[in-house]
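In the part that follows, the structures are each spelled out as structure tokens.
Each of the next two complexes has subunit A plus one other chain: subunit B in the first, subunit C in the second.
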Partner chain A sequence: MLAIPGATLSRWTLAYFAAAVAFLLLGEALMVLGFGYPIAGLRAPQTLILVHCITIGWLSLLMCGALFQFVPVLVAGPIYSNSLPLPALLLILGGLALLIASFLQLAGVLPPLPAVFLGASLLLGAGFLLVLWTLGRTLAAAWPLNLPAQFVSIGLASVAATVSYGIIFTLGFGGYSRSPLLLGIQAQGLPLHVSAGLGGWLTFTAIGVSHRLLSMFMLSPELDGPTTRWTFRLGTLALAILVGAGTIVVAAGGGPGTVLVVAGITGLACLALYGRDVLRLYRQRVRPAIELNSRMAAVALAHLAFATLLLSACAAAGVVRQYIGPLLFLIAFGWLSGLGLAKLYKIVAFVTWLECYGPVLGKAPTPRVQDLVVEPRAARWFWLYFAAVDVASLCLLLEAVPVFRVAAAAMLLASAGIALELVRTRRLANVGEELRLPAGAQQPRLLFTFVGN
Partner chain B sequence: MNTAAAGLPAERIREALRLVIDPELGYNIVDLGLVYDVAVQGTGDAVITMTTTTRGCPATDYLRMGARDAAFSVDGIDSAEIILTYDPPWKPKMMSPEAKAHFRIRDE
Partner chain C sequence: MTGFVELDVRPILRAGGEPFGKIMETVKNLPQGQGLRLIASFKPTPLLQVLGSQGFTHQAREIGGGDWQVDFTPGSAAGKAPQAAPARPATEGNWPAPIQELDNRLLDPPEPMVRVLAATESMAPGEVLAALLCREPVFLFKELAKRGHAWRGAFEPDGKTYRLLVRIGGTPGEAA
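Presenting the complex of A and B:
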């Protein structure tokens, strides 16, 4: 019999979550105000501000915060550093602020300041490098990696690729690139940047983490069979084709069309296998009554399935370019943000419980994690969120911009409602008076976690 | 492990361990089947062998310390050692009939 040390709490995960939610609300508010797409074009500087508020500010910070807490769970070992995530967060936030300033300069709102392009690249590069270093060292210490951790490692390689493309573009905008190779990537590499970010970093990592979280929260058998291994192999192959072959082709001045089709077909096979695994997780669960987070994750997964079918149909009909805006919106908000909000709702309660009640376990009666939340109240916000996303996607498809802004307002309202529920959880506002703060328990802070080690 | 010979103190420890809940499932670790063995050696040295629902669970250290504190709170127990094991891994079928009924899990 072996004694295995338990994973610990991540000190700065809550700060990542708070910043992430702030950027989600900001992004949604910009859509309500008509800033960027669909009023502006997809490549307009205003749209780039909106897109990066959502992809870096919301989704990437959310994913980084979640990984700092859950990579130690996946590998059953401690995080490499509980301090480095804070400077990483500050660097990413600083870099994102400069990136927004760079786009405002491109839009003509700010006067020319070439240093902002360089500063954005340096700060974002350094911030993500620190994230990769911290998570990479944590994974390396647990070699050989189990399957969920292998998914995360490919996700981390994808964020490295995504950020590298982004830095090449930003330096190009600032006039720093003169190399024909880099100019080739800048001219044709946008689909690679988007696919590596949404597909590799966010979706592939979410696949790996969701395997484990869904089986943990629903008491389903853990997935490590051939289907899951092939999901990993095909996804890795798709990303290798995308980033490897894609970069070579665009650096040589070619278009990435063929590479995108081959990687897309491989990625489709990966997603089909993932879908099979997910159905098995839900069907073979031991716990018949599942919690809100698993129900809402199922809704997000349905959006992934729908978006994948739609994208495949558009690709088959040769009209991807025409509908890429609504498709990316559905992936970003129906799938990634939907799953993110669902898991955030669970993780905040779980981390708060561990921080507040873990130290008094065995000494005093403690509430359950479920006692920290009020699911029926939160469920209303979640349903409003998904309904609003669906209406907004439809409006983008039909080019009904005024209705889109109303739907975006509903998304903003629903997200704010969910955010408020998270604050209530953190403040222990839903816990009955008699169990709220037993002797020895500490009221949690909003933005960081008390960590004993 | 000599559970049978432990007699009454082991039962009292098991009762005390019911104060420790698995935070995710919201049920005590004894009825969840997470406590594999309770032995009392010598005059009052408790040795508890337990597991967690999932390997690497962030609550592991808290569950271990909680079990130790709960055992230590029993009269006549001078020391409590917790052995954490994943052999065998925990399965939902290890729950008590009451716990299974609580989670609406069919008793096989």
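Presenting the complex of A and C:
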């Protein structure tokens, strides 16, 4: 499209965020109700519904929405299309609904209807393909890529792999695949699907994005030194081993154990370097007092560090399989969701401020970004959230299911509290009457952003 | 009656190319009193703003198949030589020395952008503002474009300080 250097606001990012938060609340409500793991087994259809509400509905939509806003900022260029994200969102939501219907068939709740499996695969595949096309074209226009954008591109390759595995599984469940190669992937490929999704797509992308976001909001030096470059290389290598070698091994009918160990050790080195960089970002920051989003991101990062240590210890002791449930829970809610909520809190305030007050800056008195939020009130919800996640993880470890459900209820309450703060920010409810809408400023809408004109 | 120079950018777009440079070049070389008739495969909304800020009025209509024809007519303010396109970094010509210098390096985002825009509001057309920033101000460019200002910017050799020059729009540009 017409290239004006610089980034603009993403039109549909808020719609992605709203859908994502709705799925987070839904997933947490299912856990409170005792639907899926830990009451059902890890591979039970009910658990698969819960897991995909969180991984596709919450985390992936959150990440896609954030990338539509953030990739243009990373490459200082325009988004390839500000319209395609909407059909992509609708396709993914439709696909997720059909995927849930597919799992309900496996659970025997719905009568068998193989077309639903096919429909879920097609819609999810098309939706993510549209996301990849839009972001991929945006990145391609900015070639050669800077380091944070390189992280994002590997993250996008990982989501392609994750979705491909998922489609192979779904078609297999629906009875569509006959090929022994695909059946091999179906039989042994689950760890690859999970690692490519949580590790490659969500974590590796979050690493790349967090480098830039943390340095931006704490005024720390930009990271582009050898540590960061090696974080990228080792992470890419780990994912290449995982997806490349892993797929070949399982398609040939083998188990992915050795591949997981080699990729895991490489990934561990990548995470260690990331940890070093993050410590540097926090220590070398110019701002002594940091905002809530950076404080809460630190708590999420501590959860990543702890989960990594725990996973390594379990791997060394050969008991990963036994504790995989609590480990994945800690990664999904302590690390990824914690970081997601923390950054969501800042991004919503920032884009709302830019949308509403950007056009009148300098012409009329405007509030500061921080005037759109009330941090002490939100901080309570964040602390409750992380405390509840820790208690819930411990309960999973100790198999204390009733207490787990209470902790899940606390997570739900805290997430709903944060969601309400986001709505208040978007509605400018925290801004004083006299500054709220200066002449020329437009009241922001909840689900989309006025762009440009 | 205004005559129009016709520019069809659909082939450029179809080839995956970027028509902005070509459009601005055509605008720059428009004969006195002539307008631009642009044909594109979508409604070029950002361009309407860019040329609007140079004094062009426009009339856009869909011509079928999703294609658009937009007639840009020079207004009384738009002369033969439009000022340096405000919607992209200006590279040509000498600018006067900045009358104001801002050091915004240690401010939290988006405060650096707020200060630059606030400063531009109190300056006269043709005057130049300099600002030191700690990163490329990607959101600021759009806002400067909307307000008709031109800018130049680059990282200093240390790679850490971004020096931005903004020239206030509203008068014909100085000789290149």
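Assume the second predicted complex is superposed on the first by the 448 of 453 C-alpha atoms of A that agree within 3 Å, B and C clash if a C-alpha of one lies under 4 Å from a C-alpha of the other, contacts with A are read in each partner's own complex, and residues count from 1 in each chain.
Rule of thumb we're sticking to: a contact is a pair of C-beta atoms (placed from the backbone, for glycine too) under 8 Å apart; a residue touches a chain by one contact, two chains touch by 3 or more.
Please read these numbers as outputs of a predicted model, since none were measured by experiment.
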Partners on subunit A (subunit B, subunit C) - clash or fit: clash
Partner chain in contact with A:G136 - subunit B first, subunit C second, else both or neither: neither
Subunit B versus subunit C as contact partner of A:T8, first or second or both or neither: both
Touching partner for A:W353 - first (subunit B), second (subunit C), both, neither: both
First, second, both or neither for A:M216, with subunit B first and subunit C second: both
Subunit B versus subunit C, judged by how many residues of subunit A each one touches: B
Touching partner for A:G362 - first (subunit B), second (subunit C), both, neither: both
Which of subunit B and subunit C A:A289 touches, first, second, both or neither: first
Touching partner for A:P438 - first (subunit B), second (subunit C), both, neither: neither
Touching partner for A:G34 - first (subunit B), second (subunit C), both, neither: neither
Subunit A positions touched by subunit B in one structure and by subunit C in the second: 1-8, 72-73, 76, 216-217, 219, 286-287, 350, 353-354, 358-359, 361-363, 366, 368-369
Of all residues in subunit A, those that touch subunit B in their complex: 1-9, 69, 72-77, 216-217, 219, 286-289, 350-351, 353-354, 357-359, 361-366, 368-371
Subunit A residues touching subunit C - in the complex, by the definition given at the top: 1-8, 72-73, 76, 216-217, 219, 221-222, 286-287, 350, 353-354, 358-359, 361-363, 366, 368-369, 452-453
Touching residues (chain side subunit C, partner subunit A) in the complex: 18-20, 23, 42, 44-47, 49-50, 87-89, 106, 108-111, 113-114, 117-121, 134-143, 145-146, 160
Footprint of subunit A on subunit B - complex, ascending: 17, 19-21, 23-26, 49, 52-70, 73, 83-87, 92, 103-105
